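Order of writing sets the chain letters: A, B, C, D, E and F. Residues in each chain are counted from 1.
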Amino acid sequence: MRFEDLNWMDVESYLKTDDRLMFVVGACEQHGYLSLLTDIKIPLALADAASARTNVPVAPPLNFGVSPYFTRYPGTLSLRTRTFIAIIEDLVRGAQAHGFRRLLFLNGHGGNHPATEVLSELMNELPGLKVDWYSWWTAASVKAVAAEAGLAPNHANWLEAFTFCRVAELPSGVKPPTPSARLLSADESRALYGDGVFGGGPYSAPEAVMERVFDAALSDILARLRFD
Amino acid sequence: MRFEDLNWMDVESYLKTDDRLMFVVGACEQHGYLSLLTDIKIPLALADAASARTNVPVAPPLNFGVSPYFTRYPGTLSLRTRTFIAIIEDLVRGAQAHGFRRLLFLNGHGGNHPATEVLSELMNELPGLKVDWYSWWTAASVKAVAAEAGLAPNHANWLEAFTFCRVAELPSGVKPPTPSARLLSADESRALYGDGVFGGGPYSAPEAVMERVFDAALSDILARLRFD
Amino acid sequence: MRFEDLNWMDVESYLKTDDRLMFVVGACEQHGYLSLLTDIKIPLALADAASARTNVPVAPPLNFGVSPYFTRYPGTLSLRTRTFIAIIEDLVRGAQAHGFRRLLFLNGHGGNHPATEVLSELMNELPGLKVDWYSWWTAASVKAVAAEAGLAPNHANWLEAFTFCRVAELPSGVKPPTPSARLLSADESRALYGDGVFGGGPYSAPEAVMERVFDAALSDILARLRFD
Amino acid sequence: MRFEDLNWMDVESYLKTDDRLMFVVGACEQHGYLSLLTDIKIPLALADAASARTNVPVAPPLNFGVSPYFTRYPGTLSLRTRTFIAIIEDLVRGAQAHGFRRLLFLNGHGGNHPATEVLSELMNELPGLKVDWYSWWTAASVKAVAAEAGLAPNHANWLEAFTFCRVAELPSGVKPPTPSARLLSADESRALYGDGVFGGGPYSAPEAVMERVFDAALSDILARLRFD
Amino acid sequence: MRFEDLNWMDVESYLKTDDRLMFVVGACEQHGYLSLLTDIKIPLALADAASARTNVPVAPPLNFGVSPYFTRYPGTLSLRTRTFIAIIEDLVRGAQAHGFRRLLFLNGHGGNHPATEVLSELMNELPGLKVDWYSWWTAASVKAVAAEAGLAPNHANWLEAFTFCRVAELPSGVKPPTPSARLLSADESRALYGDGVFGGGPYSAPEAVMERVFDAALSDILARLRFD
Amino acid sequence: MRFEDLNWMDVESYLKTDDRLMFVVGACEQHGYLSLLTDIKIPLALADAASARTNVPVAPPLNFGVSPYFTRYPGTLSLRTRTFIAIIEDLVRGAQAHGFRRLLFLNGHGGNHPATEVLSELMNELPGLKVDWYSWWTAASVKAVAAEAGLAPNHANWLEAFTFCRVAELPSGVKPPTPSARLLSADESRALYGDGVFGGGPYSAPEAVMERVFDAALSDILARLRFD
């Protein structure tokens, strides 16, 4: 139940019986051989699945995030941190004004974490508002799946290589580790990561593993949608 | 050829032979009985069609615009003007840094027009950059189709009732005129427009008319992509 | 009744019986052979005339607007869009705090239109506030005068060549058309427009036509000051 | 030689032989019995006089300044500090882009002083730019005239009661002192100052004194226009 | 009683019986031979002394101020004006939210004065809040001490050469005057001031004079802490 | 070697042979029974120790951070995210302009992490600049010490209870766990955490453990100062 499939009367009806909403935030940035929209596609697929089970609607995804370290990879479109947090603020105020009171942000991109402090600021200002933020790849449940499968999870490697994120053949084998101690500029990132995949794990994983990853994250999301 | 179907290597290859890019901007806002994403769906469909004919890629749509007058209709999520223009600035700088030099913004929403001044500011700052902005419903070609069909075009009426924007049954008949002389607050807008459709024309039009509208706009876009 | 001719006690007295105020916004920018302040002089003259008939006071003009496309013409002083909308916000809040409730912006410059969305945002935030925005050269009434006179109206041509805007001799004859399909940078604008006058019409018009233009706009303003 | 009496060709010509420009900044705020535009009228009159002697042009006045402490006096329209400094930045960059290299700001209002740090920031960024800032009422020369005349100068009292600032009868006699140790809110200011005139001196002074004040400030300005 | 020596329970207790707080603002900037933190050390020493006598706590110092004219002297770290006023705003709102109602800013640096207008804006917005701003070196009492001692006070000369600000030997004798008529860029400042000390007075003064300066400022602060 | 013990000549000398600088960022916020400045005191002590071994100077600490979730605990003074990142930007640009090229931020507070994206943005813009960010309590080395000691580390518990952070008696025993699944508002935080200490570990630890924690972090810092 995405907003794109609803009109305003549908949302008005929904708000008579529920006050939850899912937002999807991610990035338009290099993901090695995968889609530039990988960080949107994954949380959006999770949101769709969670919506199918709970009827909580999904606001349109914010297709751009904060990716300054990848701007030397063509196709990466990064928002400044201050722009990104201004958007988050506008979306939250907008939803709150309509009567939404429990907002779950499904985040697909690490660079978007500055939003979390802004969300705390907004909860202070807007009484009664509850906001949650879920970055699926950092979840204990997902890490456990990876550990069990013996696969090191990382940016643009098998962990994100869902079928729906693939736009090209993936290399076989394992990408060598790409250790980085420091914050990297865009030039340094490109020099270090080459094809854009962070090292230490394989480029792809068996479909069954991907399903377990997806299910683990979905489970977490369903739990969080209870807003206990 | 949307960015979501490409990886960064694809974009790097493309930039060796072309420097054009299409952006899609719109709104998440009430459109009467139509989808909340109507203002994205239409320019995105046009972008897809134009991309199929020219191979010019389409950046991910910016799913939110400036809609302060509709915020009393649930589901409308409006960005502040200053947020919106900050995004436009980031997207343009990002594309320009990769080597894109001719950018066509396909706009689906009237409230986004503050971007045009910012685009002029950016062209002054970034030498060699050409930017165009196309709001399909204001085009002479589209107005001519409407006039020929004898149908008054307006927000959320037949003009936007493409099949792919429909999410509910449409009323039959003609919406009575909704004259407004002034800028309206969100409360005044809701009081005046009721179901959200601007008056003066029918709720829907024959499919043949919709095709002529679409083709007229597509034609314009293909011409603009030549950036003469 | 301009603010410059009043002291604060006068405004306090006025507010006991009325709550209307006119603002004048325009630009300091090239207007071909005409004054750099043309976009202020015209709406200010209209405001003075409307004030004489209604006693509604006129706030000091904002002498700068958003003119990024003309910054290669010396004397053009353009505000960034974000600066301009910040000013508009401050002026509206300031007037509202004193008790003004019906504000009419008389605008002389096309680049200032980003203000209108901000005005809607402000009306949402400040209950009871009504704001109107009038750009005289876009009015149907003014276009009708031009059409009747058979003169194509355009930037810096006869349409703005009121006696009080002239600071030099005007060329005779008609400026050839200057067609522009795209947004233009400041360099492109200067290359295209040359003397700065947009083409398609004569450099001046008979005084009687100018009077009809002025009267048409004044009539509109008087109607809008009723804030029906 | 105000910008309003020039067109862009005039400014282009001027810049071939000179690179100086005067800006006028002030406030729209209560000045007791005097005009709400007193803080513009005085520096503008000085600018006109200096321009007549030097041919240095005068940009249009910025009719609003930073006056938060006077917003309980109707007619005061105060810009936020951040808005004001954004305008100053835009004006300086705009003038510098045309080739102006020596800018003299004639300031009529104490609350505008935050601009001076921003002007230093801009000089660091724009090599070759020289900027001066002159607040006439703080000048040693003006204070000397007041001292010699035995009149305590203050906001809205005789010091600013030039003929061209008067819009009402002035009280006779001396306003009692209005001592203030702290920063004042708008409410506290109104309670303390009553009619808005700061105390300690008379409401008006003989014309001959006013002329000496004016001449002293003009003299300073002419010296500063040499930009030694 | 600095915040660093308190925990939150201590502040909560304090607020049951008092609502005053001292802030210390200054700069990290060149002070000739003296410490880069001179503009913090002096008001912080004064705050400590005042706190010892009154029990009013001292918030942590803001160690950076607005110093654009000194950025060519290594070690100077200047905040943009807009950054500085944003900090001031956040600190005031934060203190007010806890229940502090009387705030005394002890300022050590001239470039920070743009804060005062922002403080007025905040008092307008936050009813019941009283804010005071004290720049010790501009106080009549301090100037009187200097005059009595026959020593011209200036930036980085004897006036600031308290023992606790010294980090190197001071030159003997008097620095020649360094007259400046205009706003200076950082390059111009360094060229004019050389070692960074403003001229006209000696590099140091007898300890007894320094004590009188300190006591004069402390006396002022104690008076202001009464917030009459 | 803190900036407060240096003058500008010292910094100029230093820059002839080295280009490294340490910044200390933290927070003024509740830390249970510990000092409100705990998040500054720890990284500053580490910076001092690292400076003693390497001669790399330490810029003045930024005494305020982003702590929206703790603003219901008196004494917490939180900067908005956008203010904080503006400061970071100014400090980095300022240091870079002097010739510093390798900057190590020692961070004491989790809420400050939005800075890291901004630091990447700045490295993109300022060629040759290397920036590192170290949050001591998240370091593997520190976690290893805690694990080895069998003590769960957390906000304001033993982990931060260095002697130099204590301002009151500490409770004995272990704070019960305080599980939190969601982002919390300030009200929710106070309700959940009570005395402000996050649960799961003891209030204090043996001095020997604290030394090992300190040494582990110091070791990391010394390694990072090599900027390999």
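One rule holds in what follows: a contact is a pair of C-beta atoms (placed from the backbone, for glycine too) under 8 Å apart; a residue touches a chain by one contact, two chains touch by 3 or more.
As the structure is a prediction and not an experimental result, all values here were calculated from the model.
Using the contact threshold fixed earlier, the set of chains in contact with both subunit D and subunit F is E.
The mean-CA centres of subunit C and subunit D are about 26 angstrom from one another, to the nearest whole unit.
The mean-CA centres of subunit C and subunit F are about 54 angstrom from one another, to the nearest whole unit.
Counting partner chains per residue, subunit E shows two or more touched chains at residues 71, 80, 82, 86.
Chain-to-chain contact here is organised cyclically: the chains close a single ring, every chain touching exactly two others. The touching residues of subunit C, counted against subunit B in their complex, run 66, 68-69, 71, 80-82, 85-86, 111, 113-114, 116-121, 123-124, 129-133, 181-188, 224, 227-228.
Interface of subunit B with subunit A (complex): residues 3-12, 15, 28, 30-37, 40-41, 59-64, 71, 73-80, 82-83, 86-87, 89-91, 94-95, 97-99, 167-168, 195-196.
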